[in-house]
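Each of the next two complexes has subunit A plus one more chain, namely subunit B in the first and subunit C in the second.
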Partner chain A sequence: MRIKHVYLAGVAILAAATLTSAVPGGGTVSGKITYEGTPAKQKPIDMSKEPSCAKQYTTPPTTETVVTGANNALENVVVYISAGAPDDAAPSQAAVFTQKGCRYIPHVLAFQVNQPLQVVNDDQTSHNIHPLAKVNREWNKSQPPGTPPIVDKYDKPEFIPVKCNVHPWMHGTFAVLKNSHYAISANDGGFALPNLPPGKYTISAYHESYGDQSQEVTITGSETKTINFVFKAKPY
Partner chain B sequence: MRQMNTSKWFAGIAILLAMPLVVSAQQGESHIGKYTGNAAAGKQLYYRYCWGCHGARGDGTGDNAQYLNILPRNFVAATFKCRSTVTGTLPTDEDLFNAMTRGFNNSNMPTWITLTHQNRADLVAFIKTFSPRWKTEKAGEPIHVPAEPALTVESIKHGSELFQKLECWKCHGQEGRGDGPSASTLTDSNDQPIRPYNFASGSRFKCGATNQDLYKIFITGLDGTPMPSFADVIKPEEAWDLVHYLRTLQVTHKSPELTLWMSTKEGAEIVSAKRTANTPTGSGIAP
Partner chain C sequence: MEIAARVGLGERLDAMGKLFAIVLVIIALASAYPIAKHMYVPPEDISTHGHAIDDQLSDTMAEAGFAFLGAQIILAFFVWKFSERKEGAKLKNFPGGAKLMVSVAFIIVGAEVFALGVLGQKAWANVYFTPPRPDALQIQAQAGQFAFYFRYPGADGKFGAIHPDKIDEGNQNFFGLDPANDIEARDDIVSGELTIPVNREVHLLMHAKDVGHSFYVRELRIQQDFVPGLDLSVHFTATKIGRYEIVCTQLCGLGHYNMKAYLSVMAQDDFEKWLKQKASEQ
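The block that comes next holds the complex of A and B.
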């Protein structure tokens, strides 16, 4: 229940971020992300070395490197405009990344360059937050239970894998983006980029295991264009 | 005629090449105490002493790198373990100078104390030319290390509580032998396996030998490794307590901390048990 709340709050923040610099009544790009082939089977996570987390689950949660839905839907894909949109000023509202039950919520967190990032530890154990940035600065901070959120920001766009060295199963992604037009595919693979001013855009889709792909689209008015992405799934 | 043209052309190129050098003279320098290092001088030394491991481009892929299981530092990425600055920032010139002087006793990086101070300062200046980070960022602010308070048994005991509370044992093990429950899974930022420090070995720390060095290690973290920064979660006076306790985990290394700890009944029992048992522990869950 709590997880759902945090998740909803995250969605609300993302939605708010998307609205800030968009043009109401503009065009929309929407579509569905699917995969073809056989995705790697997600394994149950053995949290026995961290009892305070293990006891939160009746059945062990699985890894999240590939999360799928019905009809080959692919979740957790970051859809964003990689070219054609101006860089947007960062919203002042923080993007929140929560550690709960020794997992990252959300698994993929998208936010803008220079937008405040808040990392929260809801667990009764110490985590270390280690975003493996290559373009941005790589830092690594310890966060014992009950300590205040870690606040930071990134000044360059980058997809950054995040890990906790203490709990090797914990993996997540920061998607640091240049503008406010982005979405993360839901469990049905669906996404929508609303309120786009007229123009020619390169729409890109990024998945942590399957990489990046792009398509061009031209928006002329308040139309809705459909774009679908298909990722080739790898069985390992 | 043709020769003349060519030489003019070369002269032109030389002037063009020299221009940015003049502009960026500051960038080609390092400052360590009274020594000012010069990148051009450092370049000569680098291609004599360093490139075999660190590579011609400074990216850590020299010919010898393939034989090393702790990879040479990649100066292009410019992520450094031993810093006096906060996590995620560039080290100071002095940090690089000290690391080079000291060497890393767990790896193939030797001490370069054989080179003069000036040589080492020159090398620091040259190493900084490999990464674009040095052009856009300044070195981080060195952290403030307050004066070390008097060593007391209470300080050691409190440090021991912190060791539990901050869950240092998850990697370093309950007895500090580097065998905690997460130890075997650790990798560095290049996905290379890496071991947590084993205090019982008594060997020198990765980033120095003094109590001040130890203080800096856990406050700044060792960037590029699993060792995080504890700057935001330990108060300065508590940090010294942790230093005092960590010294007592070095059961084979003589220190004032160990001597004081062993003068208490409790400490003497713990230390002698550790010395005699000498069995790896900490693979299970903490009590």
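The block that comes next holds the complex of A and C.
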């Protein structure tokens, strides 16, 4: 009887290990995202219609549709696995999208299908968040100051532009993804997707102004493969 | 016993009638007094045509006030006169009956309204029937849910074409300009604030991006609806430097309460400096 239990436990552990797609000590795909050409100039935002937000800045903040760093680095690019990895169960921890100073923080929020999304209003004024979903259900909700966060979720993968109905300059993006392997490029354009089990993957990169690109990579063990993406920038 | 009680009640009712007449006159006078003494202070008038509108308002108050006081005092008079009930007294009718009363009322009220129209025609015509001066400063205003945006033509003096499909608010392109292909759009200046020089006529070209809105600055005594599909305009001259509120006064959706912008009236030099600064931010 005991041997049978141990055997069953062993099978269970092995099954669990193969079913979860993140393998500690697995392979890593990392690289840099850059642009070529001249990106559109980011403009200062005129918040004069909302003095409670305008006064939070000594100099007006700029738009964030194209955020760049040194050496042509491109920030805010969502790097994810579009094929080759199984879908993951959604984590229970919420992805938090904050409205502060009449801007969305972070500008791009990546989270999984069915993962709870929490929208927080940290400002003295009402906001009315309106994610412009086309595949998922489109909704907008008014959120007066001091009210609890809005909690919702999306059940299909999609890149969703987000706007505020009350403040036309507020824009952001939701990246709703199928699995847990994703990263958003930092100010140096760098990203890393660790803990990948062996397999053939399609790595995709999405920028809200420059679109989507893909490359294929194969992981055999615990090596690190480098993949870089270059986006074509436009001045207007 | 019963008769005595009935007589006492009758006297009390007569007294109530007279009291009512007195109270009526007091209330009428008390409510007319603050209006007559101009105790309501209108917002500061910073426009060239504003005084005509304020005068029109005063005229309206005066006409309505006389009619109001007259009506209340005549009513009080009749209440007092007929407050004593006389058993068996005959009912008196107004001479001429209902027909005469209605005709008199028609003539009196009609004359009142006609007089207001005649007196006020200049106030309306100054704003709406007079074209703007040819050298007026042209500024375009767009109202959309839920903000106003203003466009200056820039150094070339021309407004670039508007392409609604190119509107991209995340990139601050509120008007849908296409500077890549439209040369005239390249120097256009877009601002969330309406900044104008003092003592210079401004010709505001207005259009709505989506639904109906309205442009209202109380100190300018100007109010004009934005009607979707129509290109409308107003012209005005601001006479005092300062910062004033532009509010949307046509219900346009859930954000209507928050839809406002600021009118900034500056000296000519400051305006030119502001314009240069704004051009560099485009």
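Basically, the second predicted complex is superposed on the first by the 215 of 236 C-alpha atoms of A that agree within 3 Å, B and C clash if a C-alpha of one lies under 4 Å from a C-alpha of the other, contacts with A are read in each partner's own complex, and residues count from 1 in each chain.
FYI, contacts are C-beta pairs under 8 Å (C-beta built on N, C-alpha and C of every residue); 3 or more make two chains touch, one makes a residue touch a chain.
Just so it is clear, the model here is predicted, and its values are computed rather than measured.
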Fit-or-clash call for subunit B and subunit C when the two complexes are aligned on subunit A: clash
Touching partner for A:A40 - first (subunit B), second (subunit C), both, neither: second
Touching partner for A:A89 - first (subunit B), second (subunit C), both, neither: neither
Partner chain in contact with A:A192 - subunit B first, subunit C second, else both or neither: neither
First, second, both or neither for A:I150, with subunit B first and subunit C second: first
Subunit B versus subunit C as contact partner of A:T65, first or second or both or neither: second
Contacts of A:K49 with subunit B and subunit C, given as first, second, both or neither: both
Touched partner set for A:L132, first subunit B, second subunit C, both or neither: first
First (subunit B), second (subunit C), both or neither touched by A:Y236: second
Which of subunit B and subunit C A:S142 touches, first, second, both or neither: both
Stretch in clash, subunit C with subunit B, out of 78-86, 150-158 or 258-266: 258-266
Overlap of subunit C and subunit B interfaces on subunit A (superposed complexes): 49, 125-126, 128, 142, 165-168
In the complex with subunit A, residue positions of subunit C that touch it: 144-148, 169-172, 174, 178-180, 191-193, 253-255, 258-262, 281-282
Complex contacts: residues of subunit A adjacent to subunit C: 40, 43-50, 63, 65, 125-126, 128, 142, 161, 163, 165-169, 171, 235-236
Subunit A-touching residues of subunit B, taken from the complex the two chains share: 77, 79, 87-89, 165-167, 170-171, 181-182, 185-186, 189, 221, 223-233, 285
Parts of subunit A lying in touch with subunit B, wherever the complex brings them together: 49, 51, 125-126, 128-130, 132, 134, 137-144, 147-148, 150, 165-168
